[in-house]
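Structure, as structure tokens:
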Amino acid sequence: MATTRLLSDAEVEKIPDVKAVFDDIRATRKSDFVNNFWRGLANDPVSLKRVWEQLKVVMVADSAIDPLTKEMIYIAVSTANGCSYCVHSHTAAARAKGMTDAQHGELVSIIGLAGQTNHLVTAMQIPVDPQFEVR
Amino acid sequence: MATTRLLSDAEVEKIPDVKAVFDDIRATRKSDFVNNFWRGLANDPVSLKRVWEQLKVVMVADSAIDPLTKEMIYIAVSTANGCSYCVHSHTAAARAKGMTDAQHGELVSIIGLAGQTNHLVTAMQIPVDPQFEVR
Amino acid sequence: MATTRLLSDAEVEKIPDVKAVFDDIRATRKSDFVNNFWRGLANDPVSLKRVWEQLKVVMVADSAIDPLTKEMIYIAVSTANGCSYCVHSHTAAARAKGMTDAQHGELVSIIGLAGQTNHLVTAMQIPVDPQFEVR
Amino acid sequence: MATTRLLSDAEVEKIPDVKAVFDDIRATRKSDFVNNFWRGLANDPVSLKRVWEQLKVVMVADSAIDPLTKEMIYIAVSTANGCSYCVHSHTAAARAKGMTDAQHGELVSIIGLAGQTNHLVTAMQIPVDPQFEVR
Amino acid sequence: MATTRLLSDAEVEKIPDVKAVFDDIRATRKSDFVNNFWRGLANDPVSLKRVWEQLKVVMVADSAIDPLTKEMIYIAVSTANGCSYCVHSHTAAARAKGMTDAQHGELVSIIGLAGQTNHLVTAMQIPVDPQFEVR
Amino acid sequence: MATTRLLSDAEVEKIPDVKAVFDDIRATRKSDFVNNFWRGLANDPVSLKRVWEQLKVVMVADSAIDPLTKEMIYIAVSTANGCSYCVHSHTAAARAKGMTDAQHGELVSIIGLAGQTNHLVTAMQIPVDPQFEVR
């Protein structure tokens, strides 16, 4: 259960600013499905528009990192932050963009290994080597 | 300052099990530099060997995810976990593997955006859409 | 499902130290409802009393921060810590203390933005400006 | 040390898109001081502009939550995320907006108490009470 | 719902490398029950073997820390990381190794107190005392 | 640098409520050294007393978990929360209570392994086995 209402399509129909964003989500993704995240955010039309515009620029636009890699990075952050919804939605997105089972298995392994060495480093409080400094 | 001693090369020289791992790190990386993480872990030779063997398999071996993407995933996890040392060391590793300034800028943006939507989702406690279910 | 039992009112009735705390919770909150958190903590009567006494001082007592702001701060910490139960219970508490939908929408936005800039800062490892030093 | 360069005013002067944002930061804040966060983000002018525009809307604009409360919420998130830079910069911002020592002391107490109950709830895995459901 | 399939015993039967690990889990634990974690990890037989071998060395082998204390440390980390599954599985493991209700109550209290002081320290950004330095 | 002042012994001398707590810390620990955490918390005498009283009950009092194990649990939570100060102070406390190098090495290994499996579980979103339910 959410801490805010999830707007149905019927409700969205009545709020032009929200309707416009939902239309753009559907057009951009070439799919009629709008997931719950946007239905919760729709309670605050200004925030909805701002987050969607950002996502379009960062995740959808042509860029120096390919779309599948972007989704794998998103899964990595979401896992470390313990965001169950985000792990689910971005794993689905990564599969839709072609992530194979072998790549998913490896992604999980890298995330697990990073989790391990992050904890080892913090437990030992290892000081940063001067060689890592940006000049 | 660390919570454990960082072993110098002179000390490592006297512990054959540690020496063997340090030699392999240098040979695998084709560099004489062994960073502080391994010098801290060297206090526990069994753990040192286990972590290094794992890292070789997951991060160095040929696989379904390319080496630069692996480092970017590692940076993503380390950032979300707030591991300063790990962010430094893996950003240096990613640059050594060819990460451009444009890619780093985008990586930072994706991590930032994921941080934002993770928090939005958790604050609203959005329930997982059934469409994300693995069948 | 919990990792410990949740005590029913019938069970609480038989443990005087727990009963006294439950009575005080009901009297302080002017409500018969005692939520699951206290029913779990009731397995350890000393801890139950200590946590409740603390909550009364910090969250209920007259002070320099108003009660609604306190709940919003609590929601912010609970979100960043990924505590689903706590986000639910303190959002309900904030609404009971008068939080409007507009305030909730803004609170969610601030938490989201903080999540983003926290991640940007950590990914870039920005050093603290000397101007921020307390003198 | 950062994982990216921090741009000096002389460098910013040569990049019109970055210069425009820095000018707006100075005008909006009525201060010549531009802190390191923006100097790191300036490596990616598009991201710099997007994050600053967002911050202006969420943190600076007139709204349903007062400016000091916003900063206290920001400190709460930043603390739970362990972002040292962010705790420093937003504590300085909160003091500049009038946070008293008494309010800071209380804020610290609330954050500490939330940290405690978040951990207690997670250790006991308390299920959400149906009473907290949004209808 | 998981982001990967959980392998049934019938499926495991057909993959010799996975079957060998499951047999060893059953023999080591003297129980026919193999929990979901291993059924998810079984999608990647190399990772399954590596994680199980590690767990055997760290958690099962004779060592300087007793088995129950190890499980309590595991619960502590899992709680702070907000891993619901892990808190459940290791609390069950700790009880199976003899953890009493009194010990569980204390463990929960210590975790809660650490959560509180961790947050207090981070909110105040307390500098490390030189007396804590390892010489 | 802290976000609040650290009170010196000369300042503490002038605030009776703070002085009383500092005297009790020194008497309980049989040491003249009072670490920075208490000097920061001393800005809020009520909070100082409350946190110290709690710590005495949870960490110092006779109980079902031995003092060294308590410190190791504290280190585990502090590591997962990324609290550098807390890792330092409680590692020093654990050594003072007799933690050997072998025990520290194992503690670090367990924390690292838990960090790994926590991340693996969250990335795969493993559902809790019904066998782990408390009846």
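Lettered A, B, C, D, E and F in written order, each chain numbered from 1.
As a convention for this text, a residue touches a chain if its C-beta (ideal position, glycine included) is under 8 Å from a C-beta of that chain, and two chains touch if they have at least 3 such contacts.
Chain-to-protein mapping (UniProt): A, B, C, D, E, F = Alkylhydroperoxidase.
Keep in mind that what you see is a predicted model, and the values were worked out from it rather than measured.
Most remote chain relative to chain B, going by C-alpha centroids?
C
Suppose chain centres are the mean of their C-alpha atoms. Which chain sits farthest from chain A?
F
Roughly how far is chain B from chain F, centre to centre by C-alpha average, rounded to an integer in Å?
27
Using mean C-alpha positions as chain centres, tell me how far chain A is from chain F in Å, no decimals.
Spacing between the chain centres: roughly 34 Å.
Where in chain B do residues touch two or more other chains at once?
Counting only residues that touch two or more other chains, chain B contributes 1-4, 51, 54, 77, 79-84, 87-88, 91, 106-109, 111-120, 122-125, 128, 132.
Contact residues on chain D for chain A in the complex?
Listed in rising order, the residues are 1-5, 46, 50, 54, 57, 128, 132-134.
Okay, in this complex, where on chain A does chain C touch?
My answer: residues 1, 3-4, 43-44, 47, 51, 77, 81-83.
Write out the stretch or stretches of chain A touching chain F in their complex.
75, 79-80, 82, 84, 87-88, 107-108, 111-120, 122-125
Applying the document's contact rule, which stretches of chain C touch chain A when the two form their complex?
Interface residues on the chain C side: 82, 87-88, 91, 101, 104-106, 108-109, 112, 119.
Enumerate the contact residues on chain A facing chain B in the complex.
Residue list for chain A touching chain B: 1-4, 6, 33, 35-37, 40-41, 51, 54-55, 58-59, 63-65, 69-70, 72-74, 76-81, 83-86, 88-89, 91-92, 100, 102-103, 106-107, 109-111, 113-129, 131-132.
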